[in-house]
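Each of the next two complexes has chain A plus one other chain: chain B in the first, chain C in the second.
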Partner chain A sequence: MSAILKKEFLVFFRNVGLVIFVLYAFTMDIYIAGKGIKVTPRHVSIGYVNEGDIAVVNKIISHFHSPQFKKPKLFLNEKSLKEAIYNRKIMVGIVFNKEFVNNLLSGKTAKLQVLIDSTAAAQAEVTLIYIQNILLKFEHHLKTPASIDIIKLFNPNANTKWFMSLSELMSDITMLGLILIAVVFVREKENGTWDIMLLMPVKGSLIIFAKILSQVLILMAGITIAVGLIVFGAFNTPINGNIFNFYLISFLFSFAIGGIALVIAAISKTILEVAHLTIVIMLPLIFLSGAWTPLSAMSPFIQFLSYFSPLRYYIQATQDIFFRGSGFMDLLPYFGAEFLIAVILFYIGYRKIGRLF
Partner chain B sequence: MEILKVKNLSVSYGKKIAIKNVNFTLKEKEILGFIGADGAGKSSTLHAIAGVVSFKGEVVYKGYAYHSPKEAEKIKNEISLMPQGLGLVLYDFLSVGEHFDFFRDLRGLKKDEEYETRLLKMAGLYEFQDRLAGNLSGGMRQKLSLILALLPRPKLLILDEPTTGVDPISRAELWDIVNEMREEGMSALISTAYMSEASKMDRLMLFDEGEVIAKGTAQELIEKIKDYTYEGEIESNECFSFNKRTYCLNPLPLKKAIPTLEGVFFVNALKKGKKPILIEVPKKNIDVPEIIVKAKCLTKKFGEFIADNCVDLELKKGEILGLLGANGAGKTTLIKMLLGLYPIDEGELYLLGKRIKSYEDRIELKSKIGYVSQKFALYKDLTIKENLEYFAKMHSLTPKETKEKIEKYSKMFGFEEYLNSFPKEVPLGINQRFSLAAALLHEPVVLFLDEPTSGVDTVARSAFWKLLRKLKENMGISILITTHYMSEAEYCDRVVVLKRGVKIVDDEVKNLHQKYPGLDFEEIFLKIYKENQ
Partner chain C sequence: MRLNVIKAYLKKEFIDLIRNKMIILIYLIPTMILILFGYGIKLEVTHTRTIIIDNDHSKLSLEIINKFSHTKYFDVKVENISYKEALHKLQTNKADMIVIIPPSFSKDLYKGAQIGVFIDGSFPLRAVTIEGYVEKLLIHGFNIKLPIKIENRNFFNEAMRDYNAIVPGLFGLIFLVVPASLAAIIIVKEKEVGTIFNFYSAPIKKIEFVIAKIIPPFLFHSLNIFILFLWATYLFDVPFRGNFFIFWLTSEIYILISVGIGILVSIVTSTQVAALVLSVIITVIPGFLYSGILMPISSMDKESYIEAHIFPVSYYNHIIYDTFLIGQGFKSSLNVLYFIILCIYAFVLIALGTLLIKKAIK
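Showing the complex of A and B:
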């Protein structure tokens, strides 16, 4: 057992390319995902037409500031504003026409015209929410003297970094788990050492288990680096629950993934085939997990399918551990489900590769 | 007429010089043979001439001089290269016919029904046009690769070790095809590791460590070493002995013998100041019964295909048994059954008198067998020492035992200085000996060697066989070996010949020589195969 572990570690660390790739996936990749994927408005160009010329307008406009918005630009009339939007010089246009000003002053429902270029749909959508918030604030301000603070239940600006980096980490663990575990077996096939491996007077089950364990340990080390350096280090993500629960669920998840990897290893002859199969299997796993799209937004059938994805429980448990601070007892359903899936997948994979032993 | 002239050709990869200053000319209808071990520079020279690697120097083809792959583009439709490796250019999921379509389109050729039919018939593949390449035997794949290379009717055919790992039957057929095309005006450059093929070439160039060490006809080369060749084999650190001959620079009180081409390599090694390694294997008695392995009517089927059909086999104590046969004759399948890697469909297997039946029996079987696979499959990311440590640990040796054994074998087999190198960095002959050491760590009673000498240079092969005989004589180990070098069969005590999964011969080598007097073993083998149609 220790002989196999030592051998697999040596083989892993001597493959400099692979080590660099794994390190990249566990650090830079997560960092870039956290930093880069933003659905909050950033430097949105804004233009406005002011036909009423009252102080309120300037006050409203003054709320559109950096870093979300560029300095708002004043246009002479609606036509020139529309042209600017058409030419992509301006993304959002707000028209304060005479009717709006009159209604505003007389206390009637004031209708504001907002023109928005929604090519970048998500960005536009969120920008709209921003504008609504700003205007809402003023509506209340004008009618009642007491200022009402709008409590933001969901603050996208602060949360995406945490959410995205964790989602990316889960996806990376899925991908690397599949590849690393399948490759320890397929490498033996590719190098022609498979028979030599089988000739060791050791039970096949022990070889399979030791090989998987070696890669699971590498994954755990990678997770530690990712969580320590990027999640806690660079992004300062708070953890409200117990980190050991996170390790436990990661460990269970690795074995569930290991089961799938064994199936891949059993049917692939070359490392290239492993790469192909990994992508084909990984994408549905990630789509069905709620990593990128909330499960509640999916069709009931897809939601049903997601119950079979080991990644679903992993992600939900992880988010609960980090953000909600759930304790072990609260997490028990996730642990249970993950364990069950791990056992089933591992059994299938073990049977499949076991036939080659 | 001279069609190719090579002037001062050198190829290097980074700092490593693959081949230095080669000069030769090739006439029309001439076959020039490149002979030498793996890594001697044969492939690099062939690839440079074919215009697929960059080189220094000049190649002139029919008056057109080129100095780089780019300049060689112009003449590429007249040259055909078949790279090394069994059926490497083939696609497993295309049929024979589809390969023709694909290569024809690739080369932009017009379909020439008559010529293609002729090629297919020459290769004996006419009836198999619908068969997928993946389902062809090794010899058939190689023949298909060859006729595909002949499809554009090349004026110059370049074959890089077309016969390595191919059985003697298919080898003879490959040669027939080449000779037929040569009659029609084609010239060829062919590299080979089999000395027995040298006689089929018009002229030879011998390669050794990136240099051409000798040029000429086989007769001329043999003539040159006549004075150094003696009959019989002796133990000496001044002389090399191989295949009933001894090569020595100093005069010996022995009868002179007619040299073989292999001798050129030994004499060259001696002239370079190389000495044979002396291998001392301590005497040891192992207490085992007279019959080590006994197989009764072993049968293995893959679907409809019967790989081995009721094969009986007996391996006695201290015996070297050669397992011979064409590619696809069922040798590897038989070995895998004996090793416990394949379950046995029918028949009985006994090891040391005990029937091997269950999974547990097979694990026990594995601990008593040493195995060296084709190409010495060892872990390339581990150093030689780490490899040995891994195998020792897997066989539950204590660290102390492991250390002693590694020391013992590395000294005995002469690879002490390479212990901390990676397998890639050392010559193939060293890899061969260290994989043998890995197979011996757990003191097996029997060794299974699957083509352990393929691609290894002559000098290293002679050392390896010497080692095997010592293991047999001094340690009483039984050895089952497969090889495509028929000259090596002479070293076996007994040979078993398989053909299409059936055993056709099981006899002692000396009996076979009596039965077919005056023939060498390759000729005997071909004869036996023909007699058993």
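Showing the complex of A and C:
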């Protein structure tokens, strides 16, 4: 078994291009995704038209500031403001007309016109909430009968880097796991050495297990690099649970992915076929398991399907460990599910690929 | 350039693609991505699993619970559990939000009464949105007369539908990733199998070879423009307000850009797996980040704002969102400028690919 492991490591490290890609995926790729993908609106471009009293309007405008908003741009009239929105240079336009200022000064309900580019619907909605809150705070004398104390647990500042880098890491593990493990088998099939492997006086199941283990170990090394350098190093992600639980679930998940890859390898004859099948299986796996958007927001049918996805349990367990700080006992169902999926897939894959006749 | 040489090469490519069933995947993958992402990416927040702990049992607290129950945003359960138990439910992901109404809440009104709200912050966008909903709801719940009322007019996506926001943006992602990887693979496959030596030794010019390799992915994906358009307008009901000709023409140019990227990838890689992984990695992230799906480009910070203008996807998606939701077409000079930039990109990438491709073993 150690001979097979050694051989697979050699094959992997000899392919310098592949090593570089894998390293890139586990470092830069996660870094870029964590830093770049911002889902909560920041730096919203804003423009305004002022037809009323400068002093009052400037006072309101001074409340629109970074990080939520860019410096507001003054437009001469409503027409030029609209044009900027149509060319998508500006996302939010506020029109302070005379009536608004007069009503505000005389204490009547003043209606403020807000023009908003709602192409990105969710962001537009949150931006409207920002504006509303700014206007509420602008009125100091406003007294609410009770204060509302909102606490966002686990990630109080809604830091998207933590969430995004973990999501990207899990997507990368899925992608690389599927490709690397399936290719290990199919390369031998393509070269015709697979039958020879099975003819050797070693059990077929042992060969399969060793081959998958070799790639799982490479993945685990990649995960260590990614978590150490990027997740903890660059982004300072807090971990509320135990890191060993994360390693355990990653290890089990890699095997479950290995099971899927084994099935892919069993039905495909060439590497090209592997590539296609991987894409067809990987995309739904990643996007419908709740990596990027919460499962509870999806349709019930997809929620049901996701019970068969090993990624679902991995994502939930990882978020539980990093953010919610769950302990070993709470995570037990996830470990069990990953293990069960891995065993079933190994059996199916073995039936198809592990025997000569 | 000799047409009969190109014709012969083309014939071989088409037979090859159809014979190894690539053709199915060429049409399956883009449709699959569009449908999966279209249905899968949900940015609006509904059905937040909410637990309300009512320790007050007054008329006011019931009113607040009612307010929560009567929106699509919250799925409310009123439970009589301790704060600790509720927190454990958050920790094990059995609830998304807890609202705690303290005892003697209605008595303490105007004397420092406080409602506690705890939101699971693991999904940042969801947490921020829920926070906003809760504030809005509670302020309206207290019937406060606000001095300023916001009258918002939504442009382009009036009903704030998630589909309108996401589906057009996916075009830029799909037509960047899929043609690029196909073009890269059909060239690198020759390298891996060894048939590239036919090209090295035959009296065929580089430009002829490149044209013969560009045309199959280009033609196959041209049909995909129409297929995806139909999915977007019929399945997802995205309005189409612009000029179809502009939409089609821009998409064809954009596919050329993508194929150009694929040729460049094929030059630096020598195995099909490496070509696939490289072309996916260098196209997916920019295609997603700068597509405008998640964030309009105008609202990015300085760094990403500049980066976005390096990648062709931002120009393409600007025009695509325009043709779907806005409908200014070439009346807006900005769209014309972006179209010209795309043409330059296509020309430069393909010229570069033709120059750099090798016709001998190094």
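Simple rule for what comes next: the second predicted complex is superposed on the first by the 295 of 357 C-alpha atoms of A that agree within 3 Å, B and C clash if a C-alpha of one lies under 4 Å from a C-alpha of the other, contacts with A are read in each partner's own complex, and residues count from 1 in each chain.
Everything below uses one rule, namely that contacts are C-beta pairs under 8 Å (C-beta built on N, C-alpha and C of every residue); 3 or more make two chains touch, one makes a residue touch a chain.
Nothing here was measured: the structure is a model prediction, and the numbers come from that model.
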Is A:A234 touching the first partner chain B, the second partner chain C, both, or neither of them?
-> neither
Look at A:A275 in the shared chain and tell me whether it touches chain B only, chain C only, both, or neither; answer first, second, both or neither.
-> second
Applying the touch criterion given at the start, work out whether A:A33 contacts chain B, chain C, both or neither, answering first, second, both or neither.
-> second
Mind working out whether A:S2 is in touch with chain B, chain C, both or neither, as first, second, both or neither?
-> first
Using the superposition on chain A described above, determine whether A:I344 touches chain B (first), chain C (second), both, or neither.
-> neither
First (chain B), second (chain C), both or neither touched by A:G192 | first
Is chain A touched at more residues by chain B or by chain C?
-> C
Partner chain in contact with A:V11 - chain B first, chain C second, else both or neither | first
What is the shared patch of chain A, the residues that chain B and chain C both contact?
-> 15
Name, in rising order, each residue of chain C that touches chain A in their complex.
-> 20, 22, 25, 28-29, 32-33, 36-37, 39-49, 90-93, 96, 105, 108-110, 112-129, 131-136, 138-139, 142, 144-158, 160-162, 164-165, 185, 189, 269-274, 276-278, 281, 285, 288-289, 292-301, 304, 318, 321, 325-326, 328, 332, 334
Can you list the residues on chain B that touch chain A in the complex?
-> 336, 339-341, 363-364, 366-367, 369, 371, 373-375, 377-382, 386, 389-391, 393-395, 442
Can you check the complex and tell me which residues of chain A touch chain C?
-> 15, 17-18, 21, 24-25, 29, 32-33, 36-45, 70, 85-91, 104, 107, 109-126, 128-133, 135-136, 138-139, 142-156, 158-160, 163, 179, 183, 270-272, 275-276, 279-280, 283-284, 287-288, 292-294, 296-299, 302, 316, 319-320, 323-326, 330
What does chain A use to touch chain B in their complex?
-> 2-4, 6-7, 10-11, 14-15, 191-193, 195-196, 198-203
